[in-house]
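Two complexes come next, and they have one chain in common, chain A, joined by chain B in the first and chain C in the second.
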Partner chain A sequence: MSVRRETLDLRKTDSDFVKRVAESGGEKILLCVQCGTCSGGCPAGRRTAYRTRQVIRRALTGLKDEVLSSQDIWLCSTCYTCLERCPRGINVTDVILILRNLAVQAGFMLKPHKDVSAYLLRTGHAVPIIDKYKALRKELKLPELPPTTHSYPEALDEVRRIANKTGFDKLIGFEG
Partner chain B sequence: MAGLRFGFFLGCIMPNRYPGIEVATRKIAPMLGIELIDLPRASCCPAPGVFRSFDQPTWLALAARNLSISEGLGVDILTICNGCYGSLREANETFKEEPEKLAKVNETLKDVGRTYRGSIQVRHIAEVLYKDVGIEKIGSIIKKPLGLKVAVHYGCHILKPTKHRGIDSAERPRFVDEMVEALGCESVQYKDRMLCCGAGGGLRTGALDVSLDMTLEKLRNIHESGTDLLVDICPFCHLQFDYGQIQIRDSLKEYYAIPVLHYVQLLGLAAGLDPTEIGIYANFVPTDQVMKKIGA
Partner chain C sequence: MGEESRVGVFVCECGGNISNGVDVEAVCKAAQGWKGVVVARNYSYMCSKPGLDMIQSMVKRHNLNRIVIAACTPRMHQVTFARAMKTLGLNPFLLEVVNLREQCSWSHSGEKEAATKKAVSLVRGGVERARSLEPLEASWLDVEQRFLVVGGGIAGITAALELANQGYPVYLVERDPSIGGHMAQFGKVFPTMDCAQCILTPRMVEVGRNPNIKLMTSTELVSVTGGPGKYHVKLFIKPRGVDPEKCTACGVCSKLCEVEVPNEFNMGLDKRKASYLMFPQSVPLVYTIDFNSCTKCGRCAEVCPRKAIDLEDKGKFVEVDVGAIVVATGYELIDLRKFEEYGYGVHKNVITALHLERLLSPFGPTGGYLRRPNDGGDVKKLAYVLCAGSRDLNRGIPYCSRVCCMYSIKQAQVIIDAFLDAQVTLFYIDIRSFGRGFEEFYKSAQEKGVKFVRGRVSEISESGEGCLLVRAEDTLLGVPVEDEFDLVVLCPALVPSPGTAELAEKLSISLGEDGFLMEKHPKLDPVNSLREAVFVGGCVLGPKDIRDSVSEALGAAAKGSTFVKAGKIELSAEKASVEKETCNGCGNCVNICPFGAITLADGKAVVDRLRCLGCGGCVPECKVSALVLHNSTDRQLFGLMRGILVEKADRPIILAFLDYDIAYNAADLIGLARIKYPANVLIVRVPTTARLGKKHILYAFAMGADGVFLGDAHKGAGPLSGASKITEKRLSEISEALDEGGIDSLRLWFSAVYIPDFRKLANTFSNFVSTIAEMGPIDEGARKKILEEIGPVP
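After this line comes the complex of A and B, so read on.
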């Protein structure tokens, strides 16, 4: 049986990366002892090759591109089991969310995630109303449209102006 | 018990996919002395799994906008959804712990003529029913003990992160079980009860196969319990289990027919509401057998 060796090329690591994660609220990952409790309780890790412990280790090592470009960080369902069970009290789920934010900034965003963001900017809802459910609402004696952005075009305009101010529209490549 | 007044935050999935849950909430609230006030112009919470993952400043700003609507009406905000609860509650906790983030958000909100002072609480219907209304009062409106076997699905964000919740244990909670028992039902145990439904974290949107695989594991375990139905307290879990069973049948060729109700619907039935008026017929998985069993 052969053992695959992996050599870490330090030229490919970014020593500032962990600093950025720490500054964004993930400073506790510096306490990680790689015990693997996070992976052990992870429902996504049960059925895929996603290993929370490995993502944290890669982030600590400064393997920025590997962490941010990998689909792994998008397999977390944010169930918070890892965060609750971490014996070092690391806010693991928050760290995954921070890594996702950094991934999106670096241009790594899944197409369906861009689409759901566009729904938000077009309607104010991630899951907007459709005709079938307008009819059902009416059947149930509710107004066809809920009293949300769906009923108030000026409220949708507020949502869009906020997204414009934070740069979210550009971030997701929103074209209207 | 006087003064249970809340801004009723609708979110997306309840009003736009399962309006029966909305009707049930609006009908049971006055029976229990809860006054619901509409929150005109609210948007998506915005969904924590997706928008918080993409850009936290945008997530915080849009959450603060929703919170400011309820604050403007002078009431705490109430949600029936674990996702909205997670989003609004975590944003609210962030504003308490990091006032500089609230200041920054208010800079953004200024442009649309709003501010959020951080003066209100975020509540979930399940914890309001348990803590503020109480089991005894719930029992007092029951016209018909239902006698059903119920598999309770808590979902994740109602209980976690526990640092910001303090409702019940995240590993072995009991409070929804108690509320189910108050309706004359038996809460059945099943394997891996606290497992996530698979919908959250942008997983349903971004990796449907993994998402449904998680749901399937839950469905298998719930099926083995011999339950009559599954009861949730979150429209997103609800959609994942109800519509998810159809998707699992089509894509994974595994067939389950476990009826799915939100707790407010189960409560409504026990309080004598007609299943039709609370939209139970609109579920994807047929509910006829359960309705027959309770004589509705």
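After this line comes the complex of A and C, so read on.
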């Protein structure tokens, strides 16, 4: 995130945003004291510009678009170290996941995620089976195909119906 | 009751605290029409001078002889109003206080209509009780002119000296072999940089030689019986193997001793012998044999020039009577091993600030030279981790330790002053330098070059032989940072000293949610416990610095001497007594009394007024109604229930009988914390639930209650908690009677209450209301039948 060059007008921030995060299961972020334990021990933050504490701070300040449009929230590897150590008992990792959900709902989604999701709707799997694993399964005396859409292609239709009813297909631009 | 009762009802608005949640005018209007009520008035502050004047003029104008005050909890102002009654020439027991604040307006905010209905019911109950109140006279007990001070740290030392200098004999009890407490372990103290030993040692010596102080070290408190003015205390002097009268502290025993164990005083950084002196300035200056490690080889006893050693010492019990008690048992450090990312207990060079105090002490394990614990090497760079375990809702404790900002800043300066090339970095969340001279002290650390990094340390790992890699975020830069140090000092959270809960149980005083003792009022009665003549001070009330501990100790001593100086104490009139002519000498009451207060003499029961604590457990046992508990008579109790239930509050109606000491207090705390529960819960104050028999409970249901809740002291919570057992015993019999009468016995609920758990009580109320609501209404026929079975009540 770049350095701000002008004064932040707090009147223009979205004070309902933090409420929404709270209602979605992140109510403890209100207890944050910005100590930095999360970012100080974050393995992803050590190598990238991801600063957990700043994401939380921005959310608390109501910088909704800035939080949701930023790529930062997608850099978390969900290792849960921050959640284990947070002295305020905040479910930090869950909050990041909540923010991702809100971002997606607001239409902020990276192209790779859209592609993977499209794969899911096309095949029923984010990572469909390949020949190597078919062979391995056979060797282990398992059916060649797992009991998923691979074995039951008709279930794929149900997956797509869910995506359609929830509007997920539109979000990712899936067109069948 | 010769005279006709003329009741005045006075409803306090409490400046909106009550009137915002309860329609006080509606309450007055309802009261105007009740039998016996001559006048009903509301006013903004009933406890104020104009409020009391108004009551006075009403009493005169209307010739009132009973007063009902509907206001805050009786714990707050019952005494104020009782005093006002006395000046009017009315017996103070002709007063009834109804709780409309803590247990009504504050607990049901936003539900004014329901709260008002509840208020009307409660006030009507109060009026009915008031009509049958009887005048009572108190009796007096001589107060023992002696004190017990528990805890020999700076707070206990201060309190003991203060009382002794006022001329009172004091027993100062300390469980360690020497007094001094944690302060004796400190080097310098903030913000003045005095040497702790230089200011503490003279006080310790003074304790040792003051003729009014009987110093009892290596001693623990076993039990406390009796009451305010005359506490009977049993103490155990633990075996120390050395006769304090004979020992000259020559130290020969220790030199010869071959057993070596970690030295607790130096935080295990070096060893001590099984025969040892806690520290060179110990008071009393007497050696102690540590029987946990002693092999009883006997050589010390042989060589002792004064023959002071007795390896067969078994310790002894001592009993003393005192008028009042001061508790100053201090704090302990939290165990930081569970914070695995700090590596405390794994990495040798990760220590606590108390270890560092010992490392900097001239009589510490290194003679005051700062060395790395792993190899004795120099320390060039060290880091401080503030708030280790404090302000931690996850694995630590929620509160601030109040001292770690300042002592870390102190240690940093001591280190830089002594070792000019040392570099000190403080990792902090907030610097709280609130005291006099504290901010200036912070500034002087900045000037000396202490580095301040705003970020809580996230992890510490070993990065080489004894070197530690510390990771955090510099939150002001917004970047993760890491640095290498020779030594990392953790500033641990402060927790109650081990045994605080057991001590509180023995003394029948209360703990707060944080495990520290609770004061009577956090602002206005900071050094009184919730029990009369038990005073408290220092870190047993929560973390604080030396100055604040000393101030509280002085306060506790002052309050203590005020109490004892009065010479006499009023004995409650709320005790049981026997009508001799009626008593048939069956002995039921003798067997049930948890305090051994009733005996049989010449075939009649006799109550010992000193021992009787007024629980009321004996009254329902008496088949011939010879027993009476004053100020809680059957006539009063049934009247109260009738009054409450005749005004129909919102259904389901829950009558909650709470013991006054614990459960009622917890219900007040619920209101104070503004926690909500349904207004269907109507609270009735009883001395203990043991006062209630089958007849009372059945009557409540017969008269319209849909559920009855009994809340009483958890075992060990308060002097009267022994009475809960009686209630628990009666429950099955009462439940049977309910089931037989066609009322589901699940409508009767008993809960053991513990003051710190008041939130739980609020939850239990809410759950009980919904359970009863789901069960639906009680068949009116069943109520009628039960009423017939009970027969007439007073």
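Note that in this section the second predicted complex is superposed on the first by the 153 of 176 C-alpha atoms of A that agree within 3 Å, B and C clash if a C-alpha of one lies under 4 Å from a C-alpha of the other, contacts with A are read in each partner's own complex, and residues count from 1 in each chain.
Just so we're on the same page, a contact is a pair of C-beta atoms (placed from the backbone, for glycine too) under 8 Å apart; a residue touches a chain by one contact, two chains touch by 3 or more.
Model, not experiment: these values are computed from the prediction.
Engineer: Which holds for A:54: it touches chain B only (first), chain C only (second), both, or neither?
Structural biologist: second
Engineer: Looking at the overlay, does A:129 come into contact with chain B only (first), chain C only (second), both, or neither?
Structural biologist: first
Engineer: Give one of first, second, both or neither to describe whether A:10 is in contact with chain B, with chain C, with both, or with none.
Structural biologist: Neither partner.
Engineer: Which partner, once the models are overlaid, touches more of chain A's residues, chain C or chain B?
Structural biologist: B
Engineer: Let me test your reading of the model: by the given contact rule, A:44 touches which partner, first (chain B), second (chain C), both or neither?
Structural biologist: first
Engineer: Would you please give the residues of chain A that touch chain B in one complex and also touch chain C in the other complex?
Structural biologist: 46
Engineer: Within the complex, which stretch of chain B touches chain A?
Structural biologist: Chain B reaches chain A through residues 10, 12-13, 15-17, 19-20, 22-23, 38-44, 46-58, 61-62, 65, 108-109, 111-112, 114, 156-157, 160-162, 170-171, 194-196, 198-203, 205-207, 210-211, 213-214, 217, 277-279, 282.
Engineer: Across the complex, what residues on chain C touch chain A?
Structural biologist: Against chain A, the touching part of chain C is residues 341, 387, 391-396, 429-430, 454-459, 471-475, 478-481.
Engineer: Across the complex, what residues on chain A touch chain B?
Structural biologist: Going through chain A, the ones touching chain B are 43-44, 46-48, 71, 74-81, 83-84, 91, 93, 97, 100-101, 104, 109-110, 112-113, 115-117, 120, 124-130, 133, 136-137, 139-142, 146-152, 154-156, 158-159, 161-163, 165-168, 171-172.
Engineer: Across the complex, what residues on chain A touch chain C?
Structural biologist: Per the touch definition, chain A meets chain C at residues 31, 33-42, 45-46, 51, 53-54, 85-89.
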